[in-house]
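Provided herewith is a single structure, encoded as structure tokens, for subsequent inquiry.
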Amino acid sequence: MIIVMKPNAALKSIESVVSYIENNGLQTHLSKGEEVTIIGIVGDKTKLPTENLISFKDVDRIVPVTESYKLANRKFHPDPSVVKVGNTLIGPDNMTIMAGPCAVETEEQLMCIARAVKKSGATILRGGAYKPRTSPYSFQGLEEEGLRYMQTAKKETGLSTICEVVSNEAIEAAVKYVDMIQIGARNMQNFILLKEAGRSGLPVLLKRGLCATIDEWLNAAEYIIAEGNPNVVLCERGIRTFETATRNTLDLSAVPVLKERTHLPVIADPSHSTGAYKYVPPMAKAAVACGADGLMIEVHDNPACALSDGPQSLTFEKFDKLTKELKPLCDLVGREFTGIIL
Amino acid sequence: MIIVMKPNAALKSIESVVSYIENNGLQTHLSKGEEVTIIGIVGDKTKLPTENLISFKDVDRIVPVTESYKLANRKFHPDPSVVKVGNTLIGPDNMTIMAGPCAVETEEQLMCIARAVKKSGATILRGGAYKPRTSPYSFQGLEEEGLRYMQTAKKETGLSTICEVVSNEAIEAAVKYVDMIQIGARNMQNFILLKEAGRSGLPVLLKRGLCATIDEWLNAAEYIIAEGNPNVVLCERGIRTFETATRNTLDLSAVPVLKERTHLPVIADPSHSTGAYKYVPPMAKAAVACGADGLMIEVHDNPACALSDGPQSLTFEKFDKLTKELKPLCDLVGREFTGIIL
Amino acid sequence: MIIVMKPNAALKSIESVVSYIENNGLQTHLSKGEEVTIIGIVGDKTKLPTENLISFKDVDRIVPVTESYKLANRKFHPDPSVVKVGNTLIGPDNMTIMAGPCAVETEEQLMCIARAVKKSGATILRGGAYKPRTSPYSFQGLEEEGLRYMQTAKKETGLSTICEVVSNEAIEAAVKYVDMIQIGARNMQNFILLKEAGRSGLPVLLKRGLCATIDEWLNAAEYIIAEGNPNVVLCERGIRTFETATRNTLDLSAVPVLKERTHLPVIADPSHSTGAYKYVPPMAKAAVACGADGLMIEVHDNPACALSDGPQSLTFEKFDKLTKELKPLCDLVGREFTGIIL
Amino acid sequence: MIIVMKPNAALKSIESVVSYIENNGLQTHLSKGEEVTIIGIVGDKTKLPTENLISFKDVDRIVPVTESYKLANRKFHPDPSVVKVGNTLIGPDNMTIMAGPCAVETEEQLMCIARAVKKSGATILRGGAYKPRTSPYSFQGLEEEGLRYMQTAKKETGLSTICEVVSNEAIEAAVKYVDMIQIGARNMQNFILLKEAGRSGLPVLLKRGLCATIDEWLNAAEYIIAEGNPNVVLCERGIRTFETATRNTLDLSAVPVLKERTHLPVIADPSHSTGAYKYVPPMAKAAVACGADGLMIEVHDNPACALSDGPQSLTFEKFDKLTKELKPLCDLVGREFTGIIL
């Protein structure tokens, strides 16, 4: 933490900042430049709310020099983490494909989609049972019934399963039926839910909030890990910008930035970010090319009749074509195209 | 809902869209232009997931023509609503000032601030007992203990009280102690929490999400009202943009836009949006000038020592100066500067 | 300028940064914290491209501590500037209203509008003769003919005049006919045009770019002033965000931020920012309330038939009603509602 | 163009809109739904400024149904265009690499970089002679002298050359020395410059503005083509968002969106968008994977001493490693890694 004083700050103002810091048990280090004086803070900053120093006379700016996330920070954990989901691994050596419908609709539909995505190479089945929808009048999901269908699909196909959770009740139910829980974009800073996910014992897929910075996202991951659950996977799913040609703007630069800042695996969701099935294949390939550890892709047996997000879903044929194209790309980037352990 | 077909769409494609719509019990209305054919949908659109029509052959665009929120919509409720909070009214005839610390820290601190803000004209005491913080290592609030202090402050000063809630448990506790609950920006699309707030029986202050559009915000209000609770007040608190000189960008144009689209009262929070105490007075005045029904302002006895958001808090002197300047402005815009009923 | 090294930076890396800086004739100041070492740079930073230091081994971040704009900086020019435009002053003591059509269409139309806006209190007539339009097929302006009409209107009404310029040729023409030139949002970083405007001898209204930060805007003003022209007025006209209810988001917080960072006068344009006439009056009042020195408002005799931006233009009646409402607000904020000197 | 009327619009309001349109020589088509009436406009909309219809009584919204760009529109030109630059082609069959320093500094430096990038596979040499810089006190480029060095480099290495232009004077000079001119992000809506570029006879690389939508960008391309110059290549170089980990956010989804909307070639610039050399290789690969026709990459012999944008420049070694990795990726996507014709 560095305190930058205003040009020509009064000596008294500088002393006042210094004594406030030192009275709180921390040390200071002064650096007097030609134009400005800078005060460095040495010691455990959690002892005082340093942001308030901006209210002191002649203080111009406070500059943090260390990140607030520790457990998610690559500086303190240089090797990339591998997260186990059911019988699948997500990490630097393979390319994990999660696929399935946006929302679980019926048991037949889910079984049909599960078989199709498995055949094309997916190892994790996605399917929403609790749907956060902008309007209260939109379809809200089958809830626990949907989770049971996920369990059935897992038993029959051997696929691992993931389901979004939106409440503590949903987490409690999910623990009984699926292999991984997902915190969606809208709940990325629902800190109560993050803590509960941390205590669930299940691996967690944490989607980026629509307007979350990468550092806020890593702080959200920190909430989960701080509860004793290190099995967090990050999912870039697009940020909100002024552009309207796509639903959101898939920020693929976040992939290499995250690879530098954290040891956690990173996957990308080209379906929700673009909102249009025709942009899914090119963006899926781009994500693999820039270093993603996996992909989450929506697949539906009949997109035109899907109860949720049909326009962005791939048909079985399109999904199969895409995975066939992804395989040689995975070879090129040195990843195995599959995550099944046994 | 209008379906815009691509130029030179095949007759078969048009028929396919029309029959899909009509098979779902709705009617269509064709409009053939020189360049494009447009299909209007007549009837209750909740019967089919119309967004999926974008997947049909030769469909270019889907254009909604009616809003998805009904209960919050001014079209169906032309008179502005007045929301009663304790012994205070929020509505078109007065200017309601909510003031207090970002976080409740101690009983003494809260009492001291409550007396000061009351003296300067505030009628609702704000104070956070459950703090959603970006980092898990920041101060998270006193929880129920903080709510009890709020109750004590209410008893002694007669001020009405408001407190943010972040979970169902927090709502259950808040109902016992305070007059209004607040859903913060990060939880604006925590639909579980919105529904619970709708069932709480207390009036709800709904802050705008950092990257929420006005229509998404009104849909979030719809979630609360749809549970039978019409007492919703909206609070503009800044949106996230590329500008870094202020913490967020206070979108004051949202005030007149909301006045047109909804009957719900609208207040502004110049403290959280700017993040700097010196910008609070000008933005508070601007909010009053453009039609806000109230203001939420952070006040602290010693901002430099606040446990949360000190830099944006006004001292007692600055808050008193501001309210003195707001009074003649309220006269000018035809609002009474106070919200106490008796 | 501060160089923050990575945790556990090698001594050799630190020495390498220090010697690079010192070899360029600057001095350094080391501050070794528990976690990180910080290197302050003392002296004239224009001597070396310091941004490149980020490429040095073990360098984590470069933090600038002083602004790059000097002539526009309030730190070096504490008193607010007053800019003279024709017989009008723009500054802290009055409220200057610029009004007129988006585009000059015919001489009759301009005369008719000029008389009306003068009657209602405007002192500067605006009117576009060179229109930057998104599509090449939209109306592009009357060019020099339009400027001549502006001159005629000035002669007859005594109003001062302002016109947007988009090229050196337009500046050369404008100098002959009008009192102030405007650099529009799209040209805010057209540095060639800024320099030419600086050499024109006329006062310059510099609109904020749609995605310009306040600091970039002040650097653009610096380009004009550095050519010897201190008569720059800044105009906030909305920034681009994800919100679609208004054309852009009027960033009124920019007004108090600018008042702190620069001595230049600041006005607001509620017409272009909102894009809708009904939002113009509330946002005009908000701008006055938060400290703006003036307003630029579009007025048209028949908005439904305007060749450009009709939807945001006020009719004569609406404009007159607005100025009548602005007068007592100006009294309240201590500004005279008029800018005519004699 | 569709006019959506408000619910319960008066018959008189509808008639008024209809007669306005028909009096301007266009036809209308009415569609009366249960809730709203919609008026379609049939005929040549350039005849009346239809946007103004929003000012008519009871009009709710205006919805455009056709794009304003024609010559750049893929609907009217289904085959992808190939643009010839010197002896190089940019189009669907190859991957064109433009590389070189941000700014031309000295003849020796340019020659040294030119030889290096050619050896690694670049076919077009980039180098800035006119630098648009945020601050007037930053290095502004060598101007015509820099262009002469570009010509020398072309003669010696056989590379084609590209240089940014910022004014008509710069275009006049560039025509004498280089093979392609570039319009930078800040000038994307400098319509005077676009027209002049259209008349220059040289192929034009048009960078996307920092906050330009894809449709505005295509309209800017339309300005160039409308002057008789169809040789336009689009360059995605990042948009401005709230994220600060990268300088801008590279919007790679724009690549497939553009491939659908326009026939013009599209390249990506991973250097300016990320602002950091370490993110350049992954984003370059991602751009190739999602369908870009080329890349623009900054390379410098000594990034730490570059006069401009050093932090994002690749060293020769890093650039060579990148191109070696790009080759098999090009094979995979069916593009030849080189653009030289003979």
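Per-chain residue numbering starts at 1, and chain names A, B, C and D are given in the order in which the chains are listed.
FYI, a contact is a pair of C-beta atoms (placed from the backbone, for glycine too) under 8 Å apart; a residue touches a chain by one contact, two chains touch by 3 or more.
Protein identities per chain, from UniProt: A, B, C, D = 3-deoxy-D-arabinoheptulosonate-7-phosphate synthase.
The model shown is predicted, which means the values in this text are computed figures rather than measured ones.
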Between chain A and chain C, the fewest touch steps amount to 1
Farthest chain from chain B by C-alpha centroid distance is chain D
Here the gap between chain B and chain D, centre to centre from mean Cα coordinates and rounded to Å, is 39
When centres are defined as mean Cα positions, the distance from chain B to chain C in whole Å is 31
Per the C-alpha means, the centres of chain C and chain D lie apart by a whole-Å value of 26
So chain B residues touching two or more other chains come to 211, 240-242, 244
So, in the complex, the side of chain C touching chain A is made of residues 2, 4, 6-7, 29, 31-36, 38, 40-43, 60-61, 63, 65-66, 75, 240-242, 244
The residues of chain B that touch chain A in their complex are 20, 46, 49, 51-56, 68-69, 132-139, 166-168, 186-187, 189-193, 209-211, 216, 219, 222-223, 226, 240, 276-277, 303-311, 313
Residue positions on chain D within touch of chain A in the complex are 211, 213-215, 239, 241-246, 249-257, 260-261, 273-274, 278-279, 282-283, 285-291, 328-329, 332
